[in-house]
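Would you mind keeping the following structure in view while I ask a few things?
Labels A, B, C and D are assigned to the chains in the order they are written; within every chain, residues are numbered from 1.
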Amino acid sequence: MDAFNGRIPAGIWGLSAVLLAAAVMLPFMLSPFQIRLAQQILLFGGMAVAWQMLGGFTNYWSFGHTAFFGLGAFAAGLLAQQLDPSLSVAVKLAIGTVFAIGLALVAALAIAIPVLNLRGIYFAIAMLAFAEILAEITKTFDAFHGTSGFPLPALLVPGLTKVQLFYFLFLLLFLTNIAVFVWLRRSRIGMGLTCIGQDEDTAAMLGIPTERYKLVAFVLSAVLTAIGGVLYGYSLGFISTGSVFRIDISLNLILYTMLGGIGTVAGPIIGAALMIVLTQVVLGNLLDLHMMLTGAVLIAMVILAPKGLMGLARKAWDRRRGAAEGRP
Amino acid sequence: MNGTLLFQTLVDGLILGGIFSLSAVGFSLIFGVLGVVNLAHGVFILAGAYIGLWLKGALGLDPLAAIPVVFLVLAVIGGALQRTLVSAAVQRGSLMTSLLITFGASLILRDLLILAFGPDIQSLSSTWLLRTYHVGGVVIDGARATGLLASLVLLAMLAIALHAMKVGRAIRATAQQSFAAGLCGVDSNRIYTLTFGVSAGFAGASGIIIGMINPFSPFDDAYWTLNAFVTVVLGGVGSPVGALLGGLMLGEISTLSSQYIGPRFPNVFIFCALLLMLIVRPNGLLGNAYKASV
Amino acid sequence: MSAPTAGLVLEGIDFAYGGARALNGVSLSVPPASIVALLGSNGAGKSTTAKVIAGALRPVRGTIVFDGQSIAGLPSHQVMRRGVVLVPEGRLVFAQMTIQDNLMMGAYKENRRSRVAALLEQNYTTFPRLKERRHQLAGSLSGGEQQMLAIARGLMAEPRLLVLDEPSLGIMPKLVQEIFVLIRRIVDNGMSILLIEQNARASLELAGYAYVLEKGQIILQGEGRQLLADEFVQNAYLGTDT
Amino acid sequence: MKKGISRRSALGGMAVAVTAPAVFGNDSAWAQSGSTIRFGGSLGMSGRYAETGLNIRQGYETAIKFINEQKGGVEIGGKKYRVELAIVDDASDPARATSLIQRQVDGDVSFFLGSYGSNIVLPCAGITEAAGKLTVQVGASADQIFQQGYRNIFGFFPRASRAWVTSIEFFKSIAPKPKSVSIIATNDAFSKANAQAAAAGCKGIGLEVLDLLELPEQVSDASSALATIRARTPDILITTTVDQNSLVIVRQMIATDTNVPLLYQFLGPQLPMYRESLGAKATGVIMQLPWEARIDFKDPIFGSTKAYIDYYNKNNTRALSYHTVGASSCITTYVEAMRTAGSLDPAKVRNALAATNITTAFGPVKFSPEGDGDAIVMGAKIGQVQSGQVQVVYPKDVKTADLIYPTPVWAKKG
C-alpha cells in the first residue's frame, strides 16, 4: 500500500491536468445529448466516489445513499420556495446548498450514531431503511410536496446553455469529491479505515479511533452526496419523491464502484461512464429488453471481474511487467 | 376508542400478517443459512403467482391445487440460480456482491415475466373466495382468512421439516457451522442449493396465495422483497417462527397505524419500526436461529 | 502407490495460504489401531495439517493415502465417508442445536435409523454426562463438555481414524485427564488416533509414535517415550518439569 | 491463465463496443430524413405503470402502421411522407428520460408523443419547449404541466382539476339525490390531484364530503379505510386510484361486506379483467369513460371509430383500451394539424394544433388555451357495469342504459 503517504507521481498530475483541460473544453464541442451523458457521468460517478469514502475502505456499504441525495434536493427545493422571490436564482442555489449541507450534516450525525454500530449486511439494510423512511416522510406529509412534486427555479447564466451550465456545476462537485477522497485516502483516517476494513476489532485494539474515523468518512460522504442532490434537483427543474429518492440510485453508486474497481479513484468514474453509456446509448432505444440486458451485464461483471475493471487492468499490467522481467 | 373497531383492526392485522409471514419465510431462510440477502425474492413470489395463472389457464388447475407444482418449479429455478450465479459471486467476491447478483437476476427474471405474461395486472381469484364471515361484530374477509390458514399450514410444514427431518437438521447445522457440518459428511454446496430451492419454492407458494387475494403485476416485486426484509428484521432470521412473528408484527403495525393514525401512515411507521429494531436488536425479536447475535 | 498400505500415510505435503507457505514437505503415517501424536508450537502448522487430512484444505503437492486409497483433494464430506474423521480445534459444536441433534449430525452418513439409535446409546454410555442433558442446546455446555460432545459427535461417524485437533485447549485439567483416558479407551476398540496437541507431556505418554512440527516442517520423530526423553523436546515443549 | 485472458478480452471488447458509438457516433439515426415524419418521445415501459405504457405504445404503432400500409403515407403541402415511430423507454427515471429526449431533440425530431407522470413530463417538457418542439400526449394530466406557460404541450385529457366536470354534473342528475360522499385516494400525484378535484366538485354542489382517506401508493390492504367507511356509510364512495389498487379495494369491500349505494371507481372497471375477476359482483360500479366504443365518430385517417376498432382487432390480440385509441388519435391529430398547416414547420403545426377542432376515433379533439383537453368537449362520459358489460349512463344524449341506483348490496349480487 504505497498510496498512503508517498508523493503522487508526476505522471498522475500530468494526466489529471490533461483530463481536466479536456473536461473543460468538452461541453463546447459535444452535442447537448452528449453533454447530458457527461453530466450524469460526472454527477453519479462523482457520487460513487463520495460513496467510497466509507464503503470503499470498509465493509460499511450504504444501500441508502439516495437518502442524502433526496434530502439535498428537497431541502434546497423547498427552501427556494420560501425565499424572497426577488432573490436571484444563483443566490437561492447558494443558500439552498448551505442549508442542504447543514441538514445532511445533522441527519448523518443523527443516523450514524446508531447505524455505524451495525456490521456488514445489517448496516446496509439499516441505510436502506433510512432512505425509505425519508422517502415515505416526503410523500406522507403534504408540507414536503413529495407526491405531487414541485418546481425549482431555473438557473441561467449568460453565455452558457442550461446543459453546459450544469455540466460545469457537476464537474465542480466531481472535482471536489475526488479531492476529498484523495485527501482522505492519504490521511491517517484513510489508513485507519483500511485497517477497519481488514478487521475492525483488531483495528480498535491497535488503538485506532474506529468510531471517529467511521463517523468522519460517513458524514463527508453524506454531505457531498447531498450537494449532488441539490444540483440534480436544480438541473431537472421539477422533482418529486419519485425522482430523487430512488433505490436504483443507491444501487447504481455501488454498481459503478464495483464495476470500475472499489477503492480506486478512476474505478467509479469508469464504471459510471460504462453503465450510463450502456444503458442510455447502446440499450437506450430498446423498449423491452434493456432492463434484462442491464441485469445480465451486472451479473457478468460481478462474476468475471470481482475486483472491477481497474482490478483486471492492474492484473494485466502486473502480468506484463512480470513477463518483461522474466518472472513467471 | 371503540372496542369492536379495535378488535376488528387487530383481526385485520393478524390476517394481513399471516400473508406477510409466508411471503417472507424463504427470504429469511436464505438469509439465515447462506447469509445472502436475496433481492430476487419478490420476483420469485410473482413467478409463483404467474405460474399459477398459467396452470389455471392451460390446465384449469385450481390455484390452491397448483401449489405443489409451483413449489417444485420455483425450487428448480431457485436451486439453479444458487448453483450458477450466487455461489460464483460468493466464491469470487463477497457476500455483499451477492446483493448485486440477485439484483441483476431480479431484473432479468422480471423482464422474462413481462415477456411471458405482459405488464398487465392479473388475478388468480376464485369467486368462492369473496365470502364474508361475521363473528360477533367483527367482519372476517374469507379470502384473507384462507390465506392466513394456508400460510400457517405451510409454515408449520417447514418448521417440522427443519426440526424433525434429517435434511432439516443438516440445513440448520450448515447454517451454524458449515465447516463442522462438512466434517459430519454434509455437502454444504448441496445444502445451499437445497435451501435456495426450498426458499424459492415457499416464495412461489406464497405468490399463489397473494395472487388469490390481490391482483398482481410484474412490477410488484420490489414491494414484496421490501416486506420480506422488514418481516425478517422484525421477527428474526432463519426460522419459520421468526417469520411468523415478524409478519404478524408487520400486519399489526400496518393496520393499527392505518386505523388510528391515518391510512396513509403505515409505511412511515413500518420503516421506523424496522430502523428501531435494527438498532436495538439487529437480528429481530427471536434473534438469528443459527448464529449468535451481531 | 505400489502396495496398499493400511492406515494413513502423508507424503511430501505442501500447502500455502495465498503466498504464505504453511506446510513444507510434511510426511507422516498413522498405522491402524495406534495413537500417533503431532506436536508443535502455536502456528507450526498443526491445524493446517489436520485440515489438509480432513479435506477442508487442498494440498498444493503431495499424497494422502488412507487404507490404500488416495484421499488428497477430496472435499471433507467425502473424506469422512472414507473413515477419517476430524474433531476440529475449538470444538465447533452446533450451538443452537440440542446435544442429541449434534450427535445425530455426527451419524449423518448413516441412513439406517436402528444403527443411529444404537450408536447414540453407545455414546451415551461412554458419556453419561451428555445423556443427562441431551435435550439442552449445545451452546449451554461448558468448554470441556463441548469438547466431549465434539469427540462423541466424531465417534458417531464410526471412524477408523479419528483426528483430534487440540482436544485439551482451554479445558480444566481435571477434564483433560478424563479426555486422555477416553482416548486410550477408543484405541482399544481398534480405531487409530492422530492426536494433535500442544500438551506435549500427556500426548507423548499416550502416543506410540510422535512427530514434531516446526514452521511447517517435521523436524523430529520417534517413539513417544523416546521423544519424552529427548533433550530438545524437553527444552522446547515440556518446559521445566515439576 | 487461459481463462483470465479470455475474460479480459471479453470485457475489453464489451467496453469498446459500448463506448465507441457513444463518443464518436453521430445521432443520424434520429435525424428527420427528407420524406419521413418521425414521432419521438418516451414512455415508461418498465415501471409500475408499464401497462399504460404498453397500451399507449400499441396505439401509436397501430396508427403508424395504418398510415404507411393502408394510406401509403400522408400528404402535406403537396408532398407524400411516410411516418415513423421512435419512442424509447424512460423507465420512469427523470435522468434517463431527459437525456433520451435530448438525444431526439438533437437528432431533429420535432414532434413528440409524451410520457406520463409529472416528474418525467415536466423536465422533458422543459427541453422540448426550449427547443421549440411540439408534444401531443394522452397520459399526463397534472395541472402543473399546463400552468408553466408552455405553448407547445398539448394533452388529450382535461387537466386533473377539470376532469370531474361531467362527473359532478352526473351526481347532480341522480335521483334520489345523494347527500354524502367519501373519497379513497392513494398517495401518488395522479390519485391525489383527482381526489382533490372530486372533493372540491362535490362540495360545490352541496354534497357532504365525509372522509378523504389516503392509502399508500401500493395498496395491499384497505381494511382500516373500509372500517371507517362502514362506520359512516356515504351515499357515494369515490376511489381515484389506478387499476390494480381499485381492484384491491373493491375486492376487499366485497370480502368485508362494505356496502355503499354507489361505488365510483375512476379507473379499473374499464378493464375486462376487472369485470371478469369480480363476476356478477361488478354490477353497479361507476367509472369514467374517456372513450366508449359504441359511440361512433368520424376519423380523418381511419374513417370512423368502428373502422378503427376493426383494424385494431385484426392486427392485435391485446384488448383495446381507451389509452390505445387516444394514442392513435394523437397521431391523427398531429397529421391533421400538419395538413391544415400545409407544412412541417413546428411553429405552423403548433398554431394548427391550438386551433384543432376535429373528431377522431377517440372522439372530438379540442384543446383549451393552456393546452389540455377541453373539459366539456373532451370530458369523460360516465359508465356503469351492468351484467358484465359497460353501459354509458351519462350524459343523457349518448346513454346506452339507465343508471342503477342505489345498487344492491354485495350479497344480493350473483
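Rule of thumb we're sticking to: contacts are C-beta pairs under 8 Å (C-beta built on N, C-alpha and C of every residue); 3 or more make two chains touch, one makes a residue touch a chain.
Since this is a predicted model, take the numbers as computed values, not measurements.
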Shared chain contacts [chain B and chain C, defined touch]: none
Far-end chain from chain C, centres as C-alpha averages: D
Chain closest to the assembly centre - both centres taken as Cα means: B
Centre-to-centre distance between chain D and chain B (centres being mean Cα positions), rounded to whole Å: 34
For chain A paired with chain B, centre-to-centre distance based on mean C-alpha positions, whole Å: 33
Separation of mean Cα positions, chain C and chain A [Å, integer]: 52
Shared interface positions of chain A, touching two or more other chains: 140, 288, 291, 297
Contacts with two or more other chains, residues of chain B listed in rising order: 111, 114, 264, 267
Chain D, residues touching no fewer than two other chains: 45-46, 187
Chain-to-chain touches, reported pairwise for every pair that qualifies: A-B, A-D, B-C, B-D
Residues on chain B engaged by chain C in the complex (per definition of touch): 166, 169-170, 172-173, 176-177, 179-188, 289-292
Residues of chain C that touch chain B when the two form their complex: 54-56, 75-77, 80-81, 85-88, 92-97, 101, 104-106, 108-109, 153-154, 157
Of chain B, residues touching chain A in the complex: 35, 37, 85, 88-89, 92-97, 99-101, 103-108, 110-112, 114-115, 222, 226, 229, 233, 264-265, 267-268, 271-272, 274-275, 278-279, 282, 294
Residues on chain D engaged by chain A in the complex (per definition of touch): 4, 7-8, 10-11, 14-15, 17-19, 21-23, 25, 27, 29, 43, 45-46, 57, 86-89, 91-96, 98-100, 102-103, 105-107, 117-119, 122-123, 126, 130, 142, 144, 148, 187-189, 192-193, 217
Sites on chain B touched by chain D in the complex: 5, 8-9, 12, 16, 111, 114, 118-123, 125, 127, 129-132, 134, 139, 141-144, 213-220, 223, 254-255, 258-259, 262-264, 266-267
